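Handing you this structure, nothing more for now.
Labels run A, B and C following the written order; every chain starts at residue 1.
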Amino acid sequence: MSNSNKQRYIPHTDDDVARMLGVVGKPTVESLFAHIPARLRATRPLDIEPLDENSLLKHLGEIGSRSKPAIGSTYRDGAALSFLGAGVTPHTIPSAVDMLLQRSEWYTSYTPYQPEISQGTLQAIFEFQTMVCEIYGLGVANASMYDGASAAAEAVLMARRVTGRKHAIVAGAVHPHYDQTIDSYLAGEESGSHEDLAETRWGDDGRVALKALEQALAKSEDVACVVVQTPNFFGVVEDIKALADLAHARGALLVVANTEPVAFGVLQSPGALGADIVVGEGLGLAIPPTMGGPGVGLFAAKAEYTRQLPGRLVGETVDKDGRRGYVLTLATREQHIRREKATSNICTNQGLIALAFTIHMSLVGKRGLVELAQLNLAKSEYAKQQIAKLNGFSMAFSGPTFNEFAVRVRGGDANVTVEKLADQGIYAGCAATAPGMLPKGKADDVMIIAVTERHSKADIDKLVSALDWVQA
Amino acid sequence: MSTDYPNDLRYTKEHEWARVDGKIITVGITKFAVESLGDITQVDLPKEGEELKKDAVFGTVESVKAVSDLFAPVSGKVVKVNDPLGDSPEYINEDCYDEGWMVQVEVKDVKDLDALMNAEQYQAYLKEQESH
Amino acid sequence: MSDKTTKTGTPIATRQLLHTSRPIFEQGAPGRSGASLPPLDVPAVDATKLYGAAARTDGGPSLPEVSEVEVTRHYTRLSRWNYAIDIGLYPLGSCTMKYNPKVNERVARMPGFAGLHPAQPESTVEGALELMWGLERTLCEIGGFARVTLQPAAGAQGELCGVMMIRAYHADKGRRPSKVLIPDSAHGTNPASVALNGMETVSLKTGADGLVSVEAVKAACAAHKDDVAAIMITNPSTLGLFEEQLGEIADVVHEAGGLVYMDGANLNALLGKVRPGEAGVDVMHINLHKTFTTPHGGGGPGSGVVGVVSRLEPYLPTPTVEKMGEKYRLEYNRPKSIGRLRSFFGNFGMFVRAYTYIRELGGPGLTLATEMAVLNANYIRAKLADAYSLAYDKPSMHEVVFTDKKLKRDTGVQTLDVAKRLMDFGYHPPTIYFPLPAVTGGAGALMIEPTETETPETLDAFCDAMRAIADEAKENPEIAKNAPHGTALRRLDETRAARTPKLRWTRE
């Protein structure tokens, strides 16, 4: 086996191999594998053709060209005009974020298990944890989860640990993927431990029907938590204070999911309103949408629940000489130590994406986040007003929204509307019953539109004309 | 050597110690356990009134890198818990036989104590474990 | 320190200008910002009018107030405190810290990949589906599987997925076996995934030769007749040894009605040599961030795709990517699926990178990677076998496990001390604390996996350093015990961090 194909990442020359075999005391490279029994061996070589850099770029470039992206590489070149949110709301990411991210010391470093040579990563995570606490209004946050959906599932597991109870009630218009993920994570337990309250899902205002939730809570002494989302799947802002009071009155925790952290530039944080655990998705504020992954799951909770938190935690400490430094801490919660006694499943965090989020939030800053939120709110309200004037559409719900809202396609199926507009180069919104989203039925005519600082007045006017055209 | 493993205590194979005072048994972990764990960062103990079963797990003790189960030396009811350990787990490192006590149990059947080792037997047991 | 060299002339760590940078919250001034936001071109909205009491009135969350310059300096300075693959060797066992190709990054940033929104109509993401399909096909070819799900976000989630599918498979046949056999050398994520599925771990003792024996498996299956859901086996094992009886073990477990799950963390030792799906394995997770070079990024993101043989296909997470003629589509109608483990499709950005790498190397390159990975590990083994104790005699694959048995006995210096002292020589330490003492005869382990992207000169320098540490331990053990000496921060107080956790910055 020689390096005759000159693979650039594998440095060994024939001379290197010969010398090393001599030291190892083996005649050939193949002899290093001699102890593998014949019955287990591959019966033929791997049938994958190698490509040089040029051919590689050409091949991948061709594949890439067969999609029409929602976001272009500069402002919008070659891309569609997109108003998609539905769990991932893309924001303008300042250029400095990716440039800083690409430093090798961030990109190609490992998990900071050796703190003396990973202070960069550890301090950055400490800053990230602080920011998540601030945005969600709670005392402790971890080093990130895989995404918002799995964070929500882990939040339910945590609520069970904290309360010693088994039941979870998912109320209101929670993102279907979050709901489905909670379902999968709990499926290993006895059935009936996860309940979707169909009756409480949403009223005319698009919010959780509080009375129905109250009744559901009264039926059981075993409710660990109530899970809601704000702004919810339809973009409607839920009454977190009322929900927290209801849950707490029955000894249950309130878990709040959030797919748009910018909302808390103009809204009080869920923590301030009584939430016990808040989980969210930071992808839209970290990197371009990238087909929905990798994202970054945000996870915050009341400080008194610290030892029940899943995921990695970075803590401040001092070294032998009293200098401030950072380390991974409370590692005994995690599964590589607790093994079968661990009650959460996460091992990695989303290091790079969390870092991108942190750098972006540092750039945006305190006033910047408020201004960004005000921009999003204003543009979204403008879009709502203009669309409400159209004959072919109506606002689906009366409750207050932030930068995402649901419209009803009069007499039509939102999926068809979305498809027609996509052919015109406009991704007008996400149909509520799109494949993989809500099941077909009640909400077939509902379309969810997100408007952010990325959209100029002209962009919004273009959307409105297009909507008018499609219903004509 | 005798301060490492006091003569007036009884010992279990899982490295707990028991101080017998009539029907009240005070329980903690031995110097060997403490040295194996290193700096203790947390203990999870049962509440007053809980029933313990001999040889069953009744709590955990944690250091920076490890978690260890605590096994009940006798069956009985927990009558007192060393609550200060919640904020100051370091008491266990500093004084595992006194300030570092964990729970007091009212033993159901004193015959349970017969199964425990004395200091000499425990030290012999430790020597035997070492050679593995 | 800057003029120190090893015996072979390779320089050891140099010292440079290294700046600390206080937490970003301690920098800047009120009113500063690094944002560049567009002006408001529509009417402003009064949030208080809209939200009432729920409106925010305190001026916003306490984020930093810094300019772009300060942010750039801060994160540039912080980065320089990290060790990284692009700086030097990471001999971390079972982590496969191989070089992260730069072409992957170029491709991942193409708008046709990065700019895609997951809720776009399917007809507009044909290319993304094609890439996912292509990645699935190459992974099937590599692993010998019928299908691969790309959804799980990391190895641990891949394991969770695998165990969930196993449970679903049995339930579909009207069975609820509750036991999963796991060797005591396994990584903690294995038993954790089992517990989350409401099943119980049955521990298999590692044999004296470091391997799992058919006898142990037979005994466990007999002791839990009709109740064995699966065996979870890592191959090569976490001791870097090839599980030679895998075929017979698979037979026994299948006979007992169970399935075989393989933890694919060590796949770098098998490319082109073994196709697990054709060797008795039913389901296996693959860490794209290990074998397939997606960047570790200081802890993530990962991607824990899972390959299955055809009998597990119905239970794959939803949706799957299907090909019809020349077109690709997403299949959501999967009644027996275990459902979703996360939002949307998985870590797509990592799919692009892994696919690019696989297509660059091709079959010949991937096979060569395994061959050189195994050669490198054995080279280190040969060069250090007299200085450190080998955990087991059997041939090493892509990683070698030493213990501190001899060293500790003769000098008092332990695994942790060796690890910390290695930093003074400019290296990230190997994996320590794992495998657990239970399988290393009570000794501390040093698990070394060099990967194939390291030159022989790097390995020589590393071995020089390891030998120097062992020699020094005999003369002067205190040096290692108080290491590291050369890093800007000395040993950090982890006890204090755990006893009095301070997990966020606060204004003092």
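By definition in this document, contacts are C-beta pairs under 8 Å (C-beta built on N, C-alpha and C of every residue); 3 or more make two chains touch, one makes a residue touch a chain.
Worth saying up front: this structure is predicted, and the values here are computed from it rather than measured.
S.K.: Taking every chain's C-alpha mean, which one sits closest to the mean of all protein C-alpha atoms?
M.R.: C
S.K.: So using the touch definition from the top, which pair is joined by more C-beta contacts, A-B or A-C?
M.R.: A-C
S.K.: Would you kindly tell me how far, in whole Å, the mean C-alpha position of chain C lies from that of chain B?
M.R.: Distance between chain centres: 38 Å.
S.K.: How many angstrom lie between the CA centroids of chain A and chain B, rounded to a whole number?
M.R.: Computed from C-alpha means, the inter-chain centre distance equals 45 Å.
S.K.: Round to the nearest whole Å and give the separation of the Cα centres of chain A and chain C.
M.R.: So the centre of chain A lies 20 Å away from the centre of chain C.
S.K.: List, in ascending order, every residue of chain C touching at least 2 other chains.
M.R.: In chain C, residues 494, 498 touch at least two other chains, as defined above.
S.K.: Could you list the positions in chain B whose residues touch two or more of the other chains?
M.R.: 41-42, 62-65
S.K.: Indicate the residues of chain A shared as contacts by at least two other chains.
M.R.: 330, 332, 337-338, 341
S.K.: In the complex of these two chains, what residues of chain B are touching chain C?
M.R.: Touch list, chain B to chain C: 38-39, 41-42, 62-65, 89-90, 132.
S.K.: Please give the residue numbers of chain A that touch chain B in the complex, ascending.
M.R.: Touching chain B: residues 307, 330-332, 337-338, 341 of chain A.
S.K.: Quick one: which bits of chain C touch chain B in the complex? Just the residue numbers, please.
M.R.: Residues 433, 442, 494-495, 498-499.
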